[in-house]
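To keep things clear, I will list the structure first and then write my remarks on it.
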Amino acid sequence: MQRIGVFICWCGSNIAATVDVKKVAAAALNEPGVVFSADYQYMCSASGQGLVKDAIREKGLTGVVVCSCSPRMHEATFRKAAESCGLNPYMVEIANIREHCSWIHKDVAEGTEKAVILMRAAVAKVNLNQSLVAGKSDVVKRALVIGGGIAGIQTALDIAEAGYEVDIVEKKPTIGGKMAQLDKTFPTLDCSACILTPKMVDAAAHDKIKIYSYSEVESVSGFVGNFTAKIRKKARFVKEDLCTGCGLCTEKCPSRKTPNEFNEGMNTRSAIYIPFAQAVPKYAVIDPAACLHFKTGKCGLCERTCDAKAVDYNQKDETIERKYGAIVVATGYNVIKLDNFGEYGYTENPDVITSLELERIMNAAGPTGGALLRPSDKTHPQKIVFVQCVGSRGQRPCDKPYCSKICCMYTAKHAMLIREKYPDTEVYVFYIDVRTPGKNFEEFYRRAVEQYGVHYVKGQVGKVAENAGKLRVYGSDLLMNEQIVIDADLVVLAAAIEPDESAKKIATMLTTGIDTNNFLTEAHPKLRPVESATAGIFLSGVCQGPKDIPETVSQASAAAVKVIGLLAKDQITCNPCVARSDELLCNGCSSCEKVCPYGAITYIDKEVNDHGKREVRRIASVNEAVCQGCGACTVACPSGAMDLKGFTNKQIMAEVDAICR
Amino acid sequence: MKYSYYPGCTLKTKAKELDVYARKCAEKLGVELTEVDDWQCCGGVYTTSRDEIVTKLSSVRALNNAKERGQSLVTVCSACHNVIKRVNYDMANDAFVNAGANNYLQLATPYNGETKVIHFLELLRDEIGFENVKKAVVNPVKRRISAYYGCLLLRPGNVMAMDDPENPRIMEDFISAIGGTPVVSPYRNECCGAYLAVTDPAVPARHCGYITDSFKAKGAETVITACPLCMYNLKRNSGDLPVVYFSEILAEALGVK
Amino acid sequence: MDLSEQAENIKRISGVDTKKCLRCGKCTASCPNYEDMEYHPHQFVYFIENGYLDRLLKSDAAFRCMTCFACVERCPRDVKPAKLIEAVRLTLVRQKDSNRLKPYDIIENLNADLPQQAIVSAMRKYTK
Amino acid sequence: MQKVAEIAQKRAIQLLNQGVVNRVIGWKKGEFGYDETPAVFTTAAGIEDFRYDVFSAPNLSKYLIDESKKEGKILAFLKPCDTYSFNQLIKEHRVNRDNVYIIGIECGGMADINTIRNRGAAGVTDVADNGQTVIAHTLYGDVTFDKNEVLLEKCQACKGKKHVIFDELIVVNPQDDEPKNRFAGVEAIENMTPEERFAFWREQLSKCIRCNACRNVCPACSCLQCVFDNPRSGVASKASPDTFEEQLYHIIRAFHVAGRCTDCGECSRVCPQDIPLHLLNRKFIKDMNAFYGEYKAGEDSETRPPLVNFSKDDAEPSVISDKGGDK
Amino acid sequence: MSVEHESFKPTIVAFCCNWCSYAGADLAGSGRMQYPANVKIIKVPCSCRVNPTFVLRAFQRGADGVIMCGCHPGDCHYSTGNYYTRRRMTMLFDFLDFLGIERGRTRVEWVSAAEGARFASVMNDFVKNVTELGPNRKITDLRTKPEHKEGE
């Protein structure tokens, strides 16, 4: 018989306001096995934990039930407390009387009754709990970073600096990501390339970092400490070991009509190309969709031009399999497509552009060589209108419900840069709210208004209509309570950002959570912001939510620290709540083996002693280091031989009984 | 191809061209249009309030008539199309309006939005196909033509679902099919001033002013529309720029005018 | 019905949740008949939300709306201001003796080309 | 039939004498003339008692779980439907195929003594099979029946005359292999109202005396220890103090064999209370066929059963509510 | 019937997987989204841990409705668990229907960790449906609820 202590937390008034904690404590004493109960204002505090520890020692408790917030919050806290005074941590169960009770009910009688039942179910379970000892498994001392933007680069550099191997897998031919496309960065206005490209070079030069560019992660199996990833290296049709990045081939290539991705399609590139001058790794790549050789079988100019003999039209995709102890997702973002925002005329008018396109126009390496010229007629725009929140904060199917976070600041930056370089240009910014939470951000925005004379108009733009070579912008000025019409030369849309389309696929591959907007879900919004809910998978950068560069870099480093902490261990403790097969009951039917997603079950011929009868039987055997404890096998097993430790059939049925009683 | 056809009151009087040429063209294109039995006026405007049941009943009757025939319902007037299509949407999606209307009408079987409502332009695009219209053209209309959509054909976009409400293509594609050159103005989906013509003609005058100015500036020689009220407002304010119904220009192209 | 009940009724029959409004003003920016209306679409939303319905009821702004639905189409929050304006208009015309248009008014503006559709629409909009 | 039995008998003796097998499992005469019983013969002389006739219904596959573990090879006579059970047992690693010599034996359908009695033949002493007809010898003289009219339920719903696994065949009279509609009975119940269904099953299942005959005869119920017998399982129960217990027992049993049941029909045949237990299993078979594609348990020994398999575009559980009918 | 329904508060057992639905329920809690107190959640690592026996056990011991919640198909933390759940529960629930047990008493819903509001609305809806069905008499072990007499 267990000796169980029940501890009811008030959580200040969070629980106590809706649940009569004294009543729950009193009711607990009527439950079988319960020898002690107590309530306390904050059970998770040091003194609250002290109460639990004292009771374990003084009352000789063999089991503990804490009625408090969700086990996702403090199960680990209380298990650790129990362990510190010699009680097996798995003898502790949480009854969730906050998220599942006090917070969703208003009536005290109802809340208390439910809390008592939830307590009762937890007590019923603990009565059947058994001490569990976690197994150990080895950690592969290498990390995989998916995505080679600033987030992935920073994470990789930090991990490598700690002495661990890191692989970066980047789907584009070069690392650098979106930051490489930016001209200047806020709020310091320093040149993006000047601060990014050295990092790119550092990453490439680091002996612990291996970059798989133009590659994609195809599949991932395994578990924390021991993942196996298949990486598909797409054919560049250029041998990386031979290409010197001289770029001669790109100059000779006769197919020059492909929109240049790096310049957001505002100029063209050749079929064999190097994305940009500072690309890392700097190897040419052939776009077979544009290459005349691939289309007609003729040409071959690049092959003939290349002295290094690097061009190889017969190159094939290659799949590499590598083992990793930890994986960091840093897949970044894209600007949304603006096809469904016809009112702004983006698809109709070349002079309606996105901010990222403006970024390229302003960049010295961009399509205009850094001169502010509008795309249609390459003239200098005299009047520019910026429109904020295009696709952000909306509820239509084409909108994103969230704030894209970076637009207010980069728009202030653009407005300021334009006013500085071209003081004759009038700049209007239509905004709904200007959001500047960040160090020196508000000051930056105020400078745009006060020092640079940018016209900020509170209101949204309703329509942009091309009219006699100008863009007639219909906006509202809510402070004037007026509709205003501006004939502009250039309209810049602050389009919403969304997670890269690969995020969803990767989340599925890694079996980690994704929210309704396809951002990856962190394990805890406040306390575990860079970890995913899946052990060994970490999040870096915008794949987790909109962020600016400083925030991305901090998160990237934070993710790196988590990875380093994991890789520093030689072995990690496994989840002890794993499947277990009763060898006397197992029929050897193989049903469990078929449903196991991890291949954790194997069948062995083993001599068993069935009540004195010795015979060799084919029985299931669970590899506890591989089993993740889903329980699929337990239901597939008809004989009841397979059970899940920590969630046994009898424990769950005891909970059912307690609830239905 | 057999369809039920809802002409609407204006098409029997002031906008006979819209109706007559639509029928002729349909016949030429091998489409059989059968008028809805005892149709009544759609009311001219769709009343957006959910407690306005009676104003939606005539549309439901027409829709139910088509349903009983097992046919899709073709409209040609933008206003009728807007009203009928939106009422149909309500019947399918708004339980309150559905219950109210069915309670009034006491039909043999309740009407739940089963009928498909298609505008004549959609008939040309989706059922006949513009490429087939193109084949049937005997007299290509070699003019620079601006399409004026107005508001009724396109909005609300999720209900009308004819085309991109901000950047539509259907009439431009229609113009190309009959041999014309489409002239696109960003004002082609702005309102003409509508029924304010009755009380304050200055309002439509102003709107149609900048709309037709834009068409002219872009070099349009003709404007086409599907709405008698747009036609009225535009015509009075377009100066020398001719405005015709799309069905009339189609009839010209098909040689049935 | 007092004003707050009227406001509630307007929200109910229009099906508009005024609380969804982001206060971006895109409706007013989109309104083609802006200069003709004493109050603009965003004000209809804000006034009804915050208890200033009386001002709307005293104005003829609701009768200047062309119901072109540009504001509905472009509203990023799907608030549907035009439906709200229509409900204000109905609130006005449904009051006793509140028809804004008498048949003989039409005759004044009647001309040979005026389509039936315009007359029917106007009657729907201005009268009960 | 007579002829088939003779060939089988002869062949069994031959194989024993040749030393190919050291035992033979077949049927021998039971207590009465109409309850042929599974029997293991170890000598050629013993095979004298071998019987194969319209009452040789018992499915011998399950016996092979134990028999195939013993020393030496055993000859087993398996009817077409029994071969499905045997294949399924191979799939579940429950039998040692190498230790079994299978003779697929022709089957013209097995007779149901209860039907014969119900059709007026009292005091049956023995029954003769003439292929098309069955002659019951009774204390009061002979009564002749059309065989199709007195078949066991499982034979009326015969799923085919093809043996799916064998080492050799004894088929003298090739049979029409047209599979019968097995699901008419299930459909009839599906078409009832929920209340009628509930009443039907309550009436049927309340007859259950928990004799466990269905479980013990079932080739899919091959667990070393059944969860209902295992005090540690949490669901152990033996007696029937309440109708729920029978429901629970039969629901769980049907679920445990779902995807594994070959529809051999033995459960219904042996039920002393005449509960149509096969309908429970067939309901699962019908649903699995409808939702996850045609699947015949035991047709081969490799294919994954539907419940330990999935497809990413499987129907959502809401399909069952969308089928119509009351909530 | 209706009089009984007003006072009848069904007992609902909700099996929630640890990764999505339990977290979704937590989110409903953090968002203070109300749903009836008669829903009691049992945490399981994955919806595929739920043995049909647990469902039947709940009914046996007096539950009026059982709802299973898991990650959306494709999003299972264990990759494939909910695919098995989907098949198993489709089969089980249709089977219970075959026995004449009201199908409204059982349900499978996919609720992600981000769908707090959906969790609450699913529960509200399910409780409403079960309340309309009234107390479960068909597969309760009658010993557990002595007040329910046969033929009542």
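Order of writing sets the labels: A, B, C, D and E. Residues in every chain begin at 1.
Definition applied: contacts are C-beta pairs under 8 Å (C-beta built on N, C-alpha and C of every residue); 3 or more make two chains touch, one makes a residue touch a chain.
In this text, all values refer to a predicted model and were calculated from it rather than measured experimentally.
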Using the contact definition stated above, find the chains touching both chain D and chain E. A
Enumerate, in label order, the chains that touch chain A and chain B alike. C
Most distant chain from chain D, judged by the mean position of its C-alpha atoms: C
When B-C and A-C are ranked by contacting C-beta pairs, first comes B-C
Measure off the straight-line distance from the CA centroid of chain B to the CA centroid of chain D, and report it in whole Å. 68
As a quick test, compute the distance in whole Å between the mean CA positions of chain A and chain E. 31
Rounded to the nearest Å, the gap separating the Cα centres of chain B and chain E is 50
When the C-alpha atoms of chain C and chain D are each averaged to a single point, how far apart are the two points in Å? 76
Contacts with 2+ other chains: residues of chain B: 165-166
Could you tell me which residues belong to chain E and also touch two or more other chains? 52-53, 57, 74, 80, 84, 88
Which positions in chain D are in touch with at least two other chains? 227, 234-235, 307-309
On the basis of the stated criterion, which chains touch which? Give every pair. A-B, A-C, A-D, A-E, B-C, D-E
Parts of chain E lying in touch with chain A, wherever the complex brings them together: 11, 13, 19-20, 22-23, 25-26, 28-30, 32-35, 37, 40-46, 48-54, 57-58, 61-63, 74-81, 84, 88, 112-115, 120, 144
Contact residues on chain C for chain B in the complex? 12-15, 32-33, 36, 64, 66-70, 72-74, 82-83, 86-87, 90, 101, 105-106, 109, 113-122, 124-126
Write out the stretch or stretches of chain A touching chain C in their complex. 343, 389, 393-396, 399, 432, 458-463, 474-478, 481, 483
Enumerate the contact residues on chain D facing chain E in the complex. 186, 189-190, 192, 194-202, 227, 234-235, 241-245, 247-248, 251-252, 254-255, 258, 280, 283-284, 287-288, 291-292, 306-312, 314-321, 325-327
Under the touch definition given earlier, write down the residues of chain B that touch chain C in their complex. 8-10, 13-15, 41, 43-45, 47-52, 55, 77, 79, 151, 154-157, 165-166, 190-191, 193-199, 201, 203, 207, 228-229, 231-232, 235-236
